[in-house]
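Listed below are the structures to be examined.
First subunit A sits with subunit B, and in the next complex the same chain sits with subunit C.
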Partner chain A sequence: MFARVMSYGLDGVEPFEVTVEVNYTGGVPSFDLVGLPDTAVKESKDRVRSALANSGLRLTPGRVTVNLGPASVRKCGSLYDLPIALAMMVGSGQMEPEAVNGMMFVGELALDGTLRQAPGALSGALFARERLAAALVLPADNAREVACVDRVPLLAASSLRQVVDHLTSRARIEPLVPVPYESLRAAAPSAHDLRHVRGQYEAKRALEIMAAGGHNLLMIGPPGSGKTMLARCLPGILPDMSFEEALEVTRIHSAAGELRAGGAMLTERPFRAPHHSASAVSLVGGGRDASPGEITFAHHGVLFLDELPEYSSHALETLRQPLEDGFVSVTRARAHRVYPSRVMLAAAMNPCKCGYHGEEGGRCKCPPGDVQRYRARVSGPLLNRIDMRVRVGAVHVEDLSSAAPPAESSEAVRQRVQAARDRQRKRYAGSGIFTNAQLDSSMIGKLCPMSADADELLLAAAARYSLTPRPYFRIIKVSRTIADLAGSDLIGEEHVAEAVRYRMLDEAR
Partner chain B sequence: MKYSREQYFRIWLSSVDGIGASGFARLIAKYGSAEIVWERFGEDMRWIGEAAWKKMSDAHNRDRATELIASVDRCGASVVFMDDDEYPPRLREIADPPPLLYVRGRRDISDEWCIGVVGTRQPSAYGLRMTRQISGDLARSGACVVSGFARGIDTAAHTAAVDAGGRTIAVLGSGVDKVYPPENVELLERILITDGSVISEFPPGTEPRGAHFPMRNRLISGVSRGALMVEGKEGSGALHTVSSAVEQNREVFILPGPADSPNSAPGHRLAREGARIVTSAVEILEDLHAARIPQPKNSSLGEAVKSAKAPPKKRAPKSKPEPKPEPGPPLPSPSANTAGQRLAALEPRAGLSANQARILEAVQSGIPPSNVDRIVEFTGLSVQDVNTLLTMLAVKGIIQ
Partner chain C sequence: MDNEARKEARDFGRRAEEQTAAWLEKRGYTILERNYRTRESEADIVARFGDTLAFIEVKARSSAAYGLAREAVTPRKQARVVHAARSWLYEHGMLDEPVRFDVVEVYPGRIRHIRNAFEAPAEAA
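Take a look at the complex of A and B:
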């Protein structure tokens, strides 16, 4: 007998419909699985058989053929265990075909019949809603992830037995009650707070501007000056993610299996800090299945590259295009995918190999020339894409004593950042961009009005520092953000003057 | 450029590696001209030394000599011979003056007022700041800043002179067509377009070699009236330059530094032995009895603050007749010192706001302008104000 059960698969982050078909005939018992399955899918045969047996569901022996359609698309992962098991139940006549009609199923089975977390559940739930499915049955571990999805019945089950009982009307599973996104956001505060960073006024100010305008930032300073700690404070001062942003981010992480079991939707902006041994593929994505890289996992958040010159230059160069475009196309023989990569890049580096160049007291032991060589490891084109550079000086011990006045908290900074972001959102409504960092040179003329003083100062600075057009426009963008933080529609002289400093830093120092 | 027949042979003879200035002089003294040396070259010249003779015999080849001359023209260099008017007059006085110099940029390098400025390749912020200030003031007062084009102090000295719209001579330890260190390409271009000169006694194509630098150092002091050492460790090239200055009977000036820094110890020792401690361009020029001293127009930080707070400075006595530092053709406007200086010229120094004055005070107290955090602590201003004011002061040319 023939049976059909609906499920979904993932092409990167995007879901597509998968039909699980089973044909059951009498004869010598056998089991065939077709429809371009990968190893994890092929092995589901053994998991399904013992899960059924251990759930007290016996199948009549016979010839079983399972097909996953569309047959031309590769199916990966273990998410089809549950639909295959149910299709076999229907095919062997132990369940009515009507019981599974219009519903979608997803989940991996343990040998004892319990259901395990499925990747991409959030994408799946949105897909089920779009397809007007009667319900989506998914593992209980995914329940919190999909909690915000409304207008589609979502049934969270912890075992195969529970699903079968529901479908045979022996024991009902109640659909999840949708929770508003806002209730999730009241999460625990970030572990790193600017309050705990003493001194470093300039670096903190730079972080604030970076967060407010979505700019990229390079911090240069000796070891132990707190560059990493400053960067880790970033999530705490970034504006809240909107529901749409949170959906996008969670879907990416969920599809790649990066959410922990039972984890809820992500509400804090991602902060990714890949080690400097990272390969180009792990940064921008790739591999056999064209899977996403760190820059995609950092989408709508921060990609932090500590010890920038230590990364392979090839890996760094591959970041240039995604940083500029906000998306990355990963093309492999078997797959072509486009992932979003709208990140703020925070990078940190020592000024030289020994780390003390430019510090007072002549602590630097590097021979002349080595300093230049060390810096040259970061290519000019990449540096050009970094709007702001800031020097992070060594910390004075007296600043660390508890008698020093406490610093401003992350929350206070975040509120200013939020206000500046709101101004930008209003200004750019309908133009397809959200932050000052995304402005292109044609928009700058229209959207960045400058006072006459500011214009004159910018020209003088351009002449003094022999600026080329790219840094020139970057200075205007940063000035725009500084003006937004000050609540001003017009870019004034003081805003330009401050922005110039963040551009000139490592040249002059 | 056209040279006489004898001059061509002199270029050839001086380019032979291993002969040196003294070998050249001995050969000319014995045979009368370089042309005769070429024609009579043979076994009987072995007295010059076995190694040098071997090199000469290698170089005694018409194709190589022709190629050498062509390479001089190719890189836009010209050759200044010892008996030319353009040859630095003081250089003729040293023990082993180079018979000729390869010059790019302005050919006339007979500047009356040359001051050598040398120092370490790993300077402190203080060293760099003082180099910029002193070189800038020297250049503004009409002196020619001579240095060795190395990293660190040398580079700062040339840059400050060019920025000030003044004259500078870079003495290379390689051929004039090589740029070493490579990151100074832009500086080299700027020197050339602002009527500066880049000179070397080594023929074009010569790579920078360790052995060349001591020879280069004797030229820096040789063309100058005096040499200022900013910072330099024991055994450094800077110290070597001032030692040759002593041998050549030139004034040696020392910029004082921290007593416990290895970069200032040799300088302080020289000062105890009789070198002069100086802290400004004015003092150098006064010691050399120059009548022209830096005008407080358009100048560095020290001048700016003094004119704002202190009574007008005493002028140096105009005892000697005005030394004439070759006015030369009007300088082409160098690219980087235009807008800022125009602004500075428009705005009177007294127009500094109270906050700008506070920043200046902080920088004057020894905090480098790069250390914004310390300036914030010093002045109590907000970090955005400090950064804003620093840019304004920098654009006006008041600080770096």
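Take a look at the complex of A and C:
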């Protein structure tokens, strides 16, 4: 007998419909699986059979052909165990075809019939809603991930047996009750708090501006000055993710199988810190299936590159286009995919090989020329895309003493950042952008009014440093953020002055 | 193994098959054929149970010292039984009947019947 059960597959992050068809006839028993399955899908034969047997569901032997349609698209992963098992139940006449009508199923089966977390469940749930599916049945481990999806019945089951009992009306599974996104945003305190970073006022100010406007930042300083610790404080001062942003970020992480089992939708902005041995492919994406890279996993959050000159120059150069455009298109022989990559880049480096160039007391022992060579490892075009540089000097001992005033907490900074972000959101409502960093040059004239003094200062700076258009506009964007933090609609002279200082740190020395 | 030992082993197998056939008949199976052979394959017992045809491989052991009897039904042996089954079904025009492959283990004083012990290997690569 013939049976059909609906499921979905993932092309990168985007879901598409997959039809699981089973034909069951008499004859010499055999099992064939067709429809461009990868190894994980092929192996589902053994998982499905064992899961059925251990769930007390005995199959009559027969000639079984399983087809995953559309036959031309490669199916990956173990998502189809559940739909295949159910199609075999229907095909062998042990369940009515009507029982699975209009419903979608996804999930990997353990040998004992337990359902295991499926990748891309959030994408799948939204897809089921779009397709007006009667319901989506998914593993219980995915329940928290899809908790915010409403207007489609989502049934979370922990075992094959439970699904079969529901479909045969023996025991009902209640649909998940949608949860408002706001309730998920429990204020989980960040592990690193600015309160614990003494001194470094300039660097903290730069982090605040970065977070407020979505800009890129390079911190330069000797070893042990706290660059890494400062960067790790970023998640704690970043503004809340909107529901739409959280959906986007969670879908990416879920499709790549990066959510932990039973994990909820992501509500905190991602912070990715790949080691400097990272390859270009692992940063921007690639591989046989054109999978996403770190810059995509950091979408709407922070990509932190510690020890910037230690990364391979090839890896760094491949970051240029995605940093500029906010998306990356990964093309391989088998797949072509476009992933979002709107990140704030935070980078840290030593000023020279020994690390002490520019510090007081002439501690730097690098021969002349070595300093330049060390810095040249980071190319001009990449530096050009970094709006702000800041010197993180060695910590002064007086700042460490208990008599020093306590440092400001991350939460206090976060509130100013949030206020500045709210101003931007209001200003850019309906224009498709959310932060100053996303402004393009055509919008700048209209949305970044400047005082006469500010204008004059900017022109003077442009002449003195022979600024090309890119840095020129980037300075305006950073000034815009500084003005937003000050609660000012007009960009003043002091705002431009501060922005020029961040931009020109290197040239000034 | 000399001729004497070989004969002894064959008789031991033959007795186990007879014992199994009798055992199956008592349980409602109709024996259709014993020792069906083609040039390159063989099936010990072909039986009918309800509307299902069962091709049964009998393995006997005088003790479990050298592993379980069912472990002796290697993939190569399975392929031979599947081949025999296809040929038998073809001869009898029964290719679309429900079919099953069973293994019966015979130990001294004990018989164990494993239904659906194996199936034909997947055709597609």
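For this structure, a couple of remarks:
The rule is simple: the second predicted complex is superposed on the first by the 508 of 509 C-alpha atoms of A that agree within 3 Å, B and C clash if a C-alpha of one lies under 4 Å from a C-alpha of the other, contacts with A are read in each partner's own complex, and residues count from 1 in each chain.
By definition in this document, a contact is a pair of C-beta atoms (placed from the backbone, for glycine too) under 8 Å apart; a residue touches a chain by one contact, two chains touch by 3 or more.
Since we're looking at a predicted model, the values are computed, not measured.
More residues of subunit A lie in contact with B than with the other chain of the pair subunit B and subunit C. In the superposed pair of complexes, A:G62 makes contact with subunit C only, with no contact to subunit B.
When the two structures are aligned on the shared chain, A:L459 is found in touch with subunit B, with no touch to subunit C.
When both complexes are overlaid on chain A, the residue A:A348 reaches neither subunit B nor subunit C.
Touch criterion met: A:I482 reaches subunit B, while subunit C stays clear of it.
Using the contact criterion defined above for the overlaid structures, shared-chain residue A:L33 touches subunit C, although it does not reach subunit B.
Contact with subunit C, but none with subunit B, is seen for A:T25 once the two complexes are overlaid on the shared chain. When the two complexes are superposed on chain A, none of the residues of subunit A touches both subunit B and subunit C. Residue ranges of subunit C in contact with subunit A, taken from their complex: 52, 82, 85-86, 89, 95-101, 116, 119-124.
Chain contact summary for the complex, subunit A toward subunit C: residues 25-34, 45, 60-62. Those residues of subunit B that touch subunit A in the shared complex are 121-122, 124-125, 151-152, 181, 183, 261, 263, 335-340, 343, 368-374, 376, 383-385, 387-392, 394-395, 397, 400. The part of subunit A that touches subunit B in the complex is made up of residues 199-202, 204-205, 358, 360, 362, 364, 368-369, 372, 391, 393, 457, 459-466, 482, 493-494, 496-498, 500-502, 504-505, 508-509.
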